[in-house]
Amino acid sequence: MDIQLIANFSYILSAGLFIYGLKLLGSPATARRGNMFSAIGMLIAVVAGLTATGIVDFKLIILGMVVGALIGATAARMVAMTGMPELVALFNGSGGAASLLVGWGTLYSASGEPVSTFTAFTVILAILIGGMTFTGSLVAYGKLSEKISSAALVFAGQRFFNGLLLLALLASGVMLCLDPSPNSIWFWAVLGLSLLIGIMAVIPIGGADMPVVISLLNSYSGIAACAAGFAINNNILIVAGSLVGASGIILTNIMCKAMNRSLANVLFSGFGSVKQGKAIEGEVKPISVEDAYYILEAASNVCFVPGYGMAVAQAQHVVKELGEILQKNGAEVSYAIHPVAGRMPGHMNVLLAEADVPYEQLVEMDEINPRIENVDVAIVIGANDVVNPSAREDSNSPIYGMPIINVDQAQTVFVLKRSMASGFSGVDNPLFFNENTRMLFGDAKESISGVVSEFGS
Amino acid sequence: MDIQLIANFSYILSAGLFIYGLKLLGSPATARRGNMFSAIGMLIAVVAGLTATGIVDFKLIILGMVVGALIGATAARMVAMTGMPELVALFNGSGGAASLLVGWGTLYSASGEPVSTFTAFTVILAILIGGMTFTGSLVAYGKLSEKISSAALVFAGQRFFNGLLLLALLASGVMLCLDPSPNSIWFWAVLGLSLLIGIMAVIPIGGADMPVVISLLNSYSGIAACAAGFAINNNILIVAGSLVGASGIILTNIMCKAMNRSLANVLFSGFGSVKQGKAIEGEVKPISVEDAYYILEAASNVCFVPGYGMAVAQAQHVVKELGEILQKNGAEVSYAIHPVAGRMPGHMNVLLAEADVPYEQLVEMDEINPRIENVDVAIVIGANDVVNPSAREDSNSPIYGMPIINVDQAQTVFVLKRSMASGFSGVDNPLFFNENTRMLFGDAKESISGVVSEFGS
Amino acid sequence: MLIAVPSETHANEKRVALIPDSVKKLTKAGFDVHVQSGLGIRSGFTDEDYTAANASISTDRTALLGSGDIVLRVQKPTIEEVNQLKKGAIHVSYLDPYNENTLVDAMAERQISAISMEMIPRTTRAQKMDALSSQANLAGYVMVLLAVAKLDRILPMMMTPAGTLSPARVFVIGAGVAGLQAIATAKRLGARVEAFDTRPVVAEQVHSLGAKFVDIDLGEMSQTKDGYAVELTPEQLELQRLGMKDVISQSDIVITTAQLFGRPAPRIVTKDMVDVMQRGGVIVDMAVDSGGNVEGSVVDQTVDINGVSIIGVSNLPSEVSKHASQMYSANLFNLVSEFWDSKAKVFNLNLEDDILAGCVITHDGAIVNQTIKDLRN
Amino acid sequence: MLIAVPSETHANEKRVALIPDSVKKLTKAGFDVHVQSGLGIRSGFTDEDYTAANASISTDRTALLGSGDIVLRVQKPTIEEVNQLKKGAIHVSYLDPYNENTLVDAMAERQISAISMEMIPRTTRAQKMDALSSQANLAGYVMVLLAVAKLDRILPMMMTPAGTLSPARVFVIGAGVAGLQAIATAKRLGARVEAFDTRPVVAEQVHSLGAKFVDIDLGEMSQTKDGYAVELTPEQLELQRLGMKDVISQSDIVITTAQLFGRPAPRIVTKDMVDVMQRGGVIVDMAVDSGGNVEGSVVDQTVDINGVSIIGVSNLPSEVSKHASQMYSANLFNLVSEFWDSKAKVFNLNLEDDILAGCVITHDGAIVNQTIKDLRN
Amino acid sequence: MEVVFLTFILVLSVFLGFELISKVPATLHTPLMSGANAISGITLAGAFLSAGIGLENSQMAAYLGTVAVALATINVVGGYLVTDRMLAMFKSKKGGTK
Amino acid sequence: MEVVFLTFILVLSVFLGFELISKVPATLHTPLMSGANAISGITLAGAFLSAGIGLENSQMAAYLGTVAVALATINVVGGYLVTDRMLAMFKSKKGGTK
């Protein structure tokens, strides 16, 4: 059999290893092994890649590899644990740059003839995405390591300017397709614009959101590799690249959910802050059980606030179970009992005792309120009046003056109830419209059971 | 763009639809939609297939399609609900036969020249697997519809005979590869042997196991299509075929698990019954949480038998939850309380009342024993002495004469405990070695929680 | 400002109006608290405990009564005691203003600002001062335990080598605060609990405690704006009796908590219902004081009718006097501190406030409470 | 074969040996059952109930005693009664054979086959006849309810508008059958429960009920082959006292159930421990009958020592006499039917059987029980 | 080179097949099997080549192909219809009990 | 035809990528991202072609390729190592608390 065929089958093998490795990376118990498999796959692919026809000179390759390996290994070894995310950003940037260069290199075909339009198209994609990834990652690195201001940088007319950039890119791209020469002015335009767009895309995003950005750029670098693969007609690049591209998008999405944000919100929040400030009052934001899971999974301090609705739903047993699961997941869990929650004094105590919630986890209102800001997620289970901020703020409210559990001051609030109906005292509850409130509609027991099952899967 | 390219991209589209359809088919809420998507994918593929180069005559195609569509549609409409599995077997068989024929047809290449060795190899695969699927499905159909005896048919020397068949097939296959002509005697040998092997593979399997066999044959028919795809170089056949092949295998495996059997056990139990009878005593069969899930998911009558170990593990709350989940899943659930279970009178009552198990679901020993055969799965949670059959059977046992809950007479028994240790009275328990017993080792609470999470995912 | 707390004189009253804990909080807030010697002895608090909480101990009851700007107690005063009070003093206690006309008049005359603890509105905001709730809650618990102590069987189900003991059946009539707590307590002990109330909204609350609500169709029903039950028509009462007889005949314990605020309690369990109950059954009548829900119940006695015991304890919270005192005392403290202007050091007796409008009966020599005024006319 | 059931004569004994349900089963199995008139009246069973179950009612106690081939009762007989029994009869009851030497001798002399219910072996097989277990179980429940009724506070935690009521602390000493049920009952009511026992295996059982086991290191400990506790050395007792004093000082209820079979109960809670308990605390001493675990406990009285009540009820199961009778009766029925050969219509008094070897004390004019024989020598 | 691509496709589809069918409830086993079975009728697309080869080119291949087309069509048409019938029943049963 | 195959492969890999990453616990977000990132260094295999094109054939392409090789190698080597470090830490932390 000829060597090309062997190389290609090796690619298949290494693609299998990548896939299997990625699968294992998704679970803590197997993650390290998964990384190993993936690395072995890479080794096989690299060796197979070296056998490709058309390679006439190994000197430069070896040079490049030695230099790259040295830098990569040193960086990986030296970096402090806290510096990992920055480093990943840098690595990602170099991956993007490599794709860009591969695409670029393709324009200088060995034969010297101009490449086909299709190839030119894929080359442009490789350059665009690779370039964006490169500069975007650099900016992300800068923001993370505080080398540049981590604040979201916005200026008037930014959207307009970005629109212009895109238009210009499109135009140059088309021109380059028509005459795919690396010496054409259009080529330089495409290159420059791509790099610029990467920068422009990341600067309006705040430093705290950088992990999401890096994850997204990671997905891009996969797509860039994929485009490069099309350009040079290499299927391992396509497979590995599209794997990374797709799984990167999913991962980005998961990360956004865990931050209780949408991707659009992350990418354009910078613009948003210029446009409309923070007052998005009056909007009810429902949340799905699945998204609730992502947020809870990432939370490290959770406080349940049960009310009459928990009793109606007879949800105490599942609530206890969710509490245990969260504790096992590393979160601190408490149950804040408001004195008038329920319909008789001690109603919540009766139910939680029945579910065998340890007395130590029950906290009184006066105890939880001073430290409510530390609570990542306050889960309001069928309570209403006892978490109604108008008792604190609105002197016209019939319940004005009653002390409440200030869940509105927690990082995120889940309110579990069946509808927007009011509670015992019939007063509307502004909590439901708060910026950091998510409504999980439905019977409390079902909702909690749903979240519990999400943890199982 | 030329029509071939369009056809090929249509294939890609239909492959996507197959994949998405299969995904949707896995969940009750979306299954019907999934089938629809898959059918649309098929439509697209068929239309695209009609555009293939090399088709010069549409008459026969149309004839075949009309006849096939009429038969298929009529059969599908007319069949009684109870006859569905047989019908699926028949359909499956015709799919296999089609692959066989496609392979066969390939040998008569349009040019009249003999095909390449690789093609011949794939053709043989297509014929072998297609043929096996065809006759195997027919036998399965016969057994299911009781047209032939549904008993496992075994005879002395069966294994030896089957071995001979395989050897003969191998030999003829090799010969055919060397001279891939449809007129060669070797061709007929391969064809005949393939058909024979399909029959021989299925006859030793009992009628009750036919669904598993059909599922496996279904997987085969996918592989046959895949092989045919290689033979005629058609990638939609490869993709769709291997999808069906892989998912069929998984599905077969799941079905085996739900029957608390291994695939090998299903396929060779007929042989086994000749060889060694039913006495496989003395073997402890551990089971994983996942497999326990598959069995419970398919059970329609589940009885919990709690003992002291449930108390030690404080598993009552999760047990209650599992009970509720099983009920929602359509199973009848009861809790059989042995009078001396636990370490004080009423120990189990205290715990189950705490977990709010309705009194109606608690049954006494004398109530459950007469109907224990109807119990699909008896889940023994940390009980030991109270389910020890030696109290019934072994007059030397110190607990001889004590009435027990006869879980050993249930269809399947799960015993949840941490080890093989004995209970309070220090007596060994033969239940653990029973044919129908599965040991789920580990802390009872963890085990049950595990099963609960499996239900979630 | 001086707060005076005289001892309780009722024989059955073990509670105290202020426990040392609340005394400490009040003195910290700037009050002088004087308590009568021996005040807390029946709830487990000694004079030393009070001294340690910065109270002054007084042995002269009359002087004490006369000295207080605010007088706090559990039970209503006698008419003589009213006349010993300082003029213009604020007097907080149970008062039964619907029935105690002469007492109320006497207080008005003496220019006392009389606050009736029964009349604290049942609103969410006022709940921390609501002694009816806090005491009814304990009463619910006590009733179950009284019944259980009397019963000749156990409550929970037990499957034992000596046979299965079936769970006892408990039937709670009237699921207000006390009824709900009775349900919860009986459930805890493992009984099968059923409950009935004329207010249909209560069904959900009963379910929320895991008990069964007995559905008896009485036709149109409603509740007053404060959430109290309205009186039933005679036909409705009859329907109710029939429906309940069935349940009662299968119950081991029946607990009745149906009270109609300010009026005699409805007679719910009649002689014929008692008769169908099995021997050994126990009935607890919470309303025994205001006429009794059960025919034949006698205040502070346990009557045996054909093997069925009817328990009629009038002062149920007193059975758990320590906690009852703690809660009552917290109610009083919350009431006083809510209206205490700590800067101006005055008690802000603002009759515009809806809580005070509800519970202040007399002020400045007149009856100021609208409900009572309406009642008199 | 004739089974005779005379009424119980002890003043405290409300239980009966056979309830109508078991009578019905026995008559079905072929026995004649004669019961004394008025037998079940204190447990809620009338003569009519017994007649309905096919028993004959006898008004002549002496004749009844003399007629029975098998005599079933709860408490041990008097010596006079032994002499009224039919010679060779089987007599089943509590007997206290470790201490009642003259009674046992009298029975041997009268050629009675005396079965002592205390001596039923504690094996898994014999559990259905084990009255010690069945009655101790109920005793555990009763003890908690007696304590709760006496306590001036409630058991469960409650967070209410009138402040938080902390859960009561219950300390159970001795976690045998009664102790475990006490733990379960107190837990149900919402108390924080701690328990202690000298047998280390019990720790797991205590945890299995959701309570805390108090670890006191007493050095080497063990139990007899039957699962009973061995007697402690004086040093160990002292260690235990010190360790427990701490827990007791924080407890609202202390329940002691430590009994040593056939010997006086260990003195576990001494005067100084009672002193450290807070006012209002309650102690229940289950062993009050056999010497008492608690210093100062008096049989069938509630003593008040510095505000702490010590309850000493000797016959705890009698408080729930209906269920206690039901279980005891089931134990007797199981015993009789286990050894009743329904074909031959004889009671198969096979002393080889390990249950009978354990519980038959006298037979054929001699003491046949090995343990009692050993004790006498 | 084609073989490489085809194998690549094979490997990827096998992985996908495994990932797709993870936890199928027991009630769906038969419909899923039947639905997958219908997909395996894709052989139809291959049978066209044979059936349409033209009698003049190869009679045998054409006839074989025609039978193959018919059989595969049975598999496809019957398979999808019967699956749909099963699922429809399943749905209404669920709906009924809920 | 190649394009068809390549697209097929693309589609299948995208589906697979979606199926593979379903519920990743928050603690694994960073390592997973970093591990996936290392895979994207596969560009290396493509860069070889460029870097090895031979200076005589195209100087520019060769130099570009060399830089690409270096950059991709950084991505690969660094990526795997750093991922492994993260996961090792993670493991020992878990092991420690358990």
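Order of writing sets the chain letters: A, B, C, D, E and F. Residues in each chain are counted from 1.
Everything below uses one rule, namely that contacts are C-beta pairs under 8 Å (C-beta built on N, C-alpha and C of every residue); 3 or more make two chains touch, one makes a residue touch a chain.
These figures come from a predicted structure and were not determined experimentally.
Participant: Which neighbours does chain D have in common with chain E?
Facilitator: Both chain D and chain E are touched by A, B, going by the contact rule given at the top.
Participant: Which pair wins on C-beta contacts, B-D or B-C?
Facilitator: When B-C is set beside B-D, the one with more contacts is B-D.
Participant: Same or different, please, for the chain C to chain D contact, judged on whether over half of the interface numbers appear on both copies.
Facilitator: same
Participant: Counting in whole Å, what is the centre-to-centre distance of chain C and chain F, each centre being its mean C-alpha position?
Facilitator: Chain centroid spacing, chain C to chain F, equals 74 Å.
Participant: Give, as an integer number of Å, the spacing between the C-alpha centres of chain F and chain D.
Facilitator: Between these chains, centre-to-centre, one finds 75 Å.
Participant: Suppose each chain is reduced to the average of its Cα coordinates; what separation in Å results between chain A and chain D?
Facilitator: Going by mean C-alpha positions, chain A sits 66 Å from chain D.
Participant: Which residues does chain C have that touch at least 2 chains other than itself?
Facilitator: Each of 127-128, 133-134, 137, 156, 158, 160-163, 165, 188, 190, 210 in chain C touches at least two other chains.
Participant: Show the residues in chain E shared as contacts by 2 or more other chains, in ascending order.
Facilitator: Only 1-3, 5-6, 8-9, 12-13, 15-16, 20 qualify.
Participant: Would you pick out the residues of chain B that each touch at least 2 other chains?
Facilitator: 19, 235, 239, 314, 339-340, 345-346, 350, 353-354, 356, 454, 457
Participant: How do the chains pair up in terms of touching? List each pair.
Facilitator: A-B, A-C, A-D, A-E, A-F, B-C, B-D, B-E, B-F, C-D, E-F
Participant: Taking the touch rule as given, give the residues of chain B at its contact with chain C in the complex, in rising order.
Facilitator: Going by the criterion above, the answer is residues 337-340, 345-346, 348-350, 353, 356, 359, 362, 364.
Participant: How about chain B: which of its residues touch chain E in the complex?
Facilitator: So the residues of chain B in touch with chain E come to 18-19, 21-23, 25-28, 31-32, 34-36, 38-39, 41-42, 45-46, 48-50, 52, 54-58, 60-61, 63-65, 67-69, 71-73, 75-77, 79, 81, 84-85, 87-88, 91-92, 94-95, 97-99, 101-102, 104-110, 112, 118, 182, 211, 214-215, 218, 221-222, 224-226, 228-230, 232-251, 254-255, 258, 293-294, 297-298, 329, 454, 457.
Participant: If we count contacts the way the header does, which residues on chain D are in touch with chain C in the complex?
Facilitator: Listed in rising order, the residues are 14, 43-44, 127-128, 130-131, 133-134, 137-138, 141, 145-146, 148-149, 151-154, 156, 158, 160-163, 165, 185, 188-190, 278-280, 307, 319-323, 326-328, 330-331, 334.
Participant: Mind pulling up the chain E residues that touch chain F in the complex?
Facilitator: Of all residues in chain E, those touching chain F are 1-2, 5-6, 8-9, 12-13, 15-16, 19-20.
Participant: Give the list of chain B residues in touch with chain A in this complex.
Facilitator: Listed in rising order, the residues are 314, 317-318, 320-321, 354-356, 452-457.
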